[in-house]
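Structure first, commentary second.
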Amino acid sequence: MSAFASDNYAGVHPDVLAAIGAADALGHVVAYGADPVTARAVERVREHLGADAHVFFVWGGTAANILCLESLAPLAHQAIICAESAHIYVDEGGAPERLLSRKLLPVATPDGKLTPALAATRAIRFGDEHAVQPAVISITQSTELGTRYSPEEIRALADFAHDHGMLLHLDGARIMNAAAAQGISLRAATRDLGIDALSLGATKNGALGAEAVVLWEDRFAEGFAWRRKSAMQLASKHRYVAAQVDALLTDGLWERNASHSNAMARRLADAVRDIPGIKVTQDVQSNAVFALLPETVREALYADDFVFYVWDEHTGEVRWMCSWDTTEADVDAFAAAVDRHSAAS
Amino acid sequence: MSAFASDNYAGVHPDVLAAIGAADALGHVVAYGADPVTARAVERVREHLGADAHVFFVWGGTAANILCLESLAPLAHQAIICAESAHIYVDEGGAPERLLSRKLLPVATPDGKLTPALAATRAIRFGDEHAVQPAVISITQSTELGTRYSPEEIRALADFAHDHGMLLHLDGARIMNAAAAQGISLRAATRDLGIDALSLGATKNGALGAEAVVLWEDRFAEGFAWRRKSAMQLASKHRYVAAQVDALLTDGLWERNASHSNAMARRLADAVRDIPGIKVTQDVQSNAVFALLPETVREALYADDFVFYVWDEHTGEVRWMCSWDTTEADVDAFAAAVDRHSAAS
Amino acid sequence: MSAFASDNYAGVHPDVLAAIGAADALGHVVAYGADPVTARAVERVREHLGADAHVFFVWGGTAANILCLESLAPLAHQAIICAESAHIYVDEGGAPERLLSRKLLPVATPDGKLTPALAATRAIRFGDEHAVQPAVISITQSTELGTRYSPEEIRALADFAHDHGMLLHLDGARIMNAAAAQGISLRAATRDLGIDALSLGATKNGALGAEAVVLWEDRFAEGFAWRRKSAMQLASKHRYVAAQVDALLTDGLWERNASHSNAMARRLADAVRDIPGIKVTQDVQSNAVFALLPETVREALYADDFVFYVWDEHTGEVRWMCSWDTTEADVDAFAAAVDRHSAAS
Amino acid sequence: MSAFASDNYAGVHPDVLAAIGAADALGHVVAYGADPVTARAVERVREHLGADAHVFFVWGGTAANILCLESLAPLAHQAIICAESAHIYVDEGGAPERLLSRKLLPVATPDGKLTPALAATRAIRFGDEHAVQPAVISITQSTELGTRYSPEEIRALADFAHDHGMLLHLDGARIMNAAAAQGISLRAATRDLGIDALSLGATKNGALGAEAVVLWEDRFAEGFAWRRKSAMQLASKHRYVAAQVDALLTDGLWERNASHSNAMARRLADAVRDIPGIKVTQDVQSNAVFALLPETVREALYADDFVFYVWDEHTGEVRWMCSWDTTEADVDAFAAAVDRHSAAS
């Protein structure tokens, strides 16, 4: 299958599978995270994100997001400002409302990116008991639209949040793509910019199913063990989750995987950008290409067994995602098909 | 580490790791469960549990339990009758209350097993708007105390539940141990006895982290996809979860693993039963041994680096669990140590 | 105090107080609603809204809304489409999310009124497990902006909802104002137009604290007793709540109260409409006047001890509410002050 | 109706009705509690319970309990220890689980009263992430069984709670009965004994529908406004709720009402205690009498149109409640009937 549908269609990087095997070779180890594999993985995350980081592993990205948000906003009347396109707002099946019983305050954006001015439209009614109280701004880096905040833009949001008594969460399902594209460390891309809680994504970068919650203040981490357990995200054979993150953060694997998928997206965008009838609609700043193309071309590509999703049913805009295992040949074959079908239409 | 602490301390069976590798070798496949590995795993579960079974895979056992219970009792005022020792009541960090906002109605039991008479003490106040309404009886097989319901005992509970407008859930974290011990099929141990929803445990039987929710009526399964998603249990790279269950259910691996751990528990019980000062406190009917022993002996075993848990802080009763990878040598060395320290005390 | 701040600032209509006294004169009666006062009040509501109506009394309007919504959408993944200005979305302190763990899907409107076309922007992704599933459209009549749906507009929304497998809820905190303005019965204003669940407001119409939930299908009412009890809205001395609604629905009191407050709003709008610097911003179709006025005028009115609220902090738009006890003299004095201060500014 | 079924069957004390009328006579006042009636009522409660008391009014007793518990235990993994007979455990339709998503840890008691030793059986597993964490002990005074804690007994529980990092809540639906019986002030019966949060009951003492939440530390009150609003317990015409509590706390009305109902219960117990076949089963220490009597006698009383409830379906134990408006004639007539039917049986 040649797929540009999602970076979740990709398999597991061989080094991650090897790390799972190495964790297995230890035989019996303590369950629920009190094992040496987890201890080493926590240290590895701290090497990247700071010695003061509280690190917790979970299975999935929705869980990482929700547990970050609950850690920053523990009470039901606290609300979360986010982009209307945020994964937590549109693609988690209502998990934030179900698990947290909390209101998300969406803001329309042109490119998936919040700004202080946009967030300000929702940062209102502080002290009014009839209204939920904005407590957290949540942003996604790189965004669901493949765009990227600059470090300065994140810093401005952090300052805005903190100046208004709020905190800043980063949904980092693809933070590795963003940091690699910017050529900065994971820490420089997050904590150093004022991020209070990070969902550190690993699955899309080549893991089997592993994410980390990273919190930089003791007060946010207090009680986290129970939040994770009661949210059904404490793995019993915990070493196998921790080992995956460890592997990606070892010897720069995360950066190689991210840079590769970013490069494949740029290669694809460059190859199709000038094809008549094709319009690349968002800046290609990570591993996604958003484009408009004639419906006939789209259907012809589907008929060729290429797999990808329509992002916006009204406009027909599509999303093409690249992943750590996308090859240049994959990209070139797909771009050639786009060219061929466009010429024919 | 020679551990009798938990069957979660064990590693992953080689055949399960191989199945993960085989799933990986497929390259790109559709995410979120619409892939051929999942399709095959669903069929495999149906071979064991009936063609009418609705099958959903999740990461953890707490999630399997909670999603089963929500499927049977979708409304907040519906309550669940369970043993006071049930995992859902004491060991899931409040997840049932948090996720379901539902009341559990605990019943004290001598051996972890409910009976119709015991359940009847909680099956009261039907129609009274001031009281929650019992809607489900939840039992564990084999129980948290290592005991086992006979098929007749489960059938009697199913009849009692159904006669009172309730449904029967089985927490089958160790159903494989029970079925293997009884020499019956998984279906004969569950659906054929009137079970309405089953948490099919795989992790303790040799998986990495995989469980299945099995529901036998369409109405219970309706909307399940959203329940799982909003409970943060829909794996993106879903094939790797499904492959684990498939592997255990192929060529009788589940039964070999379960029979082995059961045999190790019997071997251990037989070896220590007659040691002066040791009292085996529950019938050894699966892969657990519960025992009372002098505190000095316990401490001496800990000093030898044997790992196991005190089950009851008040009485000092301990639990020794065997797993698929416990060896006869492990058992014999441990029993010898018990004997040696008991003689010395 | 001469207040145009809220119809909740008004007192209780003397006939309602008398009804409370009459209920009290019965001495001991059964608690929790199994009393003759409640029975009579239920019948009274049915006279107005149909013999097939299920009627339940609660203390407050937020509760009436939430219990209606839960009755129509009992599962957590079901979502509610509403106007961005809806009371349930902005003024209930997050109660819908807290109590129901459900997502509201807001739609921007110019006048507080949904249309099928507007609702259609949120009626999407049916069957997609990653997205909440729209199950209810909730509208407010008269709206939070003082505007009013025509019967045809409501019927069109009901048809749209039902055609898409959804249901229609009406937040009727001021349904009496709307029905009185339209000169139609409460039933003609609700059920006859396709409404599935109605929050029947009484408090703003002259009650002390009483609202009713009205449901027209047995399946929506099933289990309602527990929903109300567990939502903490089952009054123990229930007769005193029921008596209030009964009084308003007896001998046309509801209509007299509503017509009066509507007339006072029209009188006010007519008196200020042509004052230079004043702009009435919404059609005055019930008991509210929305207006823009110079900040100096607003401050001068505050200095005169007139009480009213700024509705929109960005534009300075204010809301002037009339109630059953607003007098012509109140209106004239206020309008004169607006005129006087406008001339001076 | 001559009823001994519940103190909720009683009407409203005339002084309370008069206070409602007086509040009404003020005409327009600010809604939602920022009115002079509420301000005076808050001060009145503080006169009784301490100048440092945070006071919030709500409609119902279930709400008062739940908002107290949420104030003391704001996080989902915090659990509440209570008697198995506690109203919050058995008679609130699952509201604590629904609203708080929190686990209650019930303890069997002979007389409805917890002790440190009994609470200790549930005050376990601190720090264990697999178990909910006991954070609050909740007691009822006077208890659901009509018994009463001595001041020393409450103090011992407060010390036990505080020594173990927990807090003490008192469900005071009938605290006025207890304090009156003990001849001490409301403060001496609560805060002076170490109570951290009090549900101050007024409805059973002669109000129409009003209770107060009383919290003695700033940190417990922080955010309470949103807890109340989102729990749907913020009355819009708030003055009418506050006025009721004010009336009962003025000029000793609370004590006269409570003492009277207590006296009627003693009169009833004394009159029936020695009737052959009748057994008073609990100490009569407030306004309730619990008794065993032959089923034939019970049915004969029902045939006479006396109304009361069977408390325990298994034993046939009944509860006879007295209220502020129970007369000596009511009691004597009822006791005579018990005597007559007992003699006949």
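We call the chains A, B, C and D, going by the order they appear; numbering starts again at 1 in every chain.
The working rule: contacts are C-beta pairs under 8 Å (C-beta built on N, C-alpha and C of every residue); 3 or more make two chains touch, one makes a residue touch a chain.
Given the structure is predicted, the values throughout are model-derived calculations rather than measurements.
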Among the listed pairs B-D, A-B or A-D, choose the one whose interface is a repeat of B-C, with over half of the contact pairs the same by residue number.
-> A-D
So which one's got more C-beta contacts, C-D or A-C?
-> C-D
So, in whole Å, the Cα centroid of chain A is separated from that of chain C by 42
Could you give the separation in Å between the centres of chain A and chain D, each centre being the mean of its C-alpha atoms?
-> 50
Please compute the C-alpha centroid of chain C, do the same for chain D, then give the distance between them in whole Å.
-> 34
List, in ascending order, every residue of chain B touching at least 2 other chains.
-> 32, 76-77, 92-94, 98-99, 101, 129-130, 132, 226, 229-230, 234
Which residues of chain B touch chain C in their complex?
-> 32, 74-77, 101, 129-130, 132-133, 223, 225-230, 234
Hey, which residues of chain D end up touching chain B in the complex?
-> 76-77, 79, 90-94, 97-99, 101-104, 106, 124, 129-132, 313
Contact footprint of chain C on chain D as seen in their complex | 1-3, 5-6, 8-12, 17, 20-21, 24-32, 59-63, 66, 92-95, 98-99, 203-204, 208-209, 226, 229-237, 240-241, 307, 323, 325
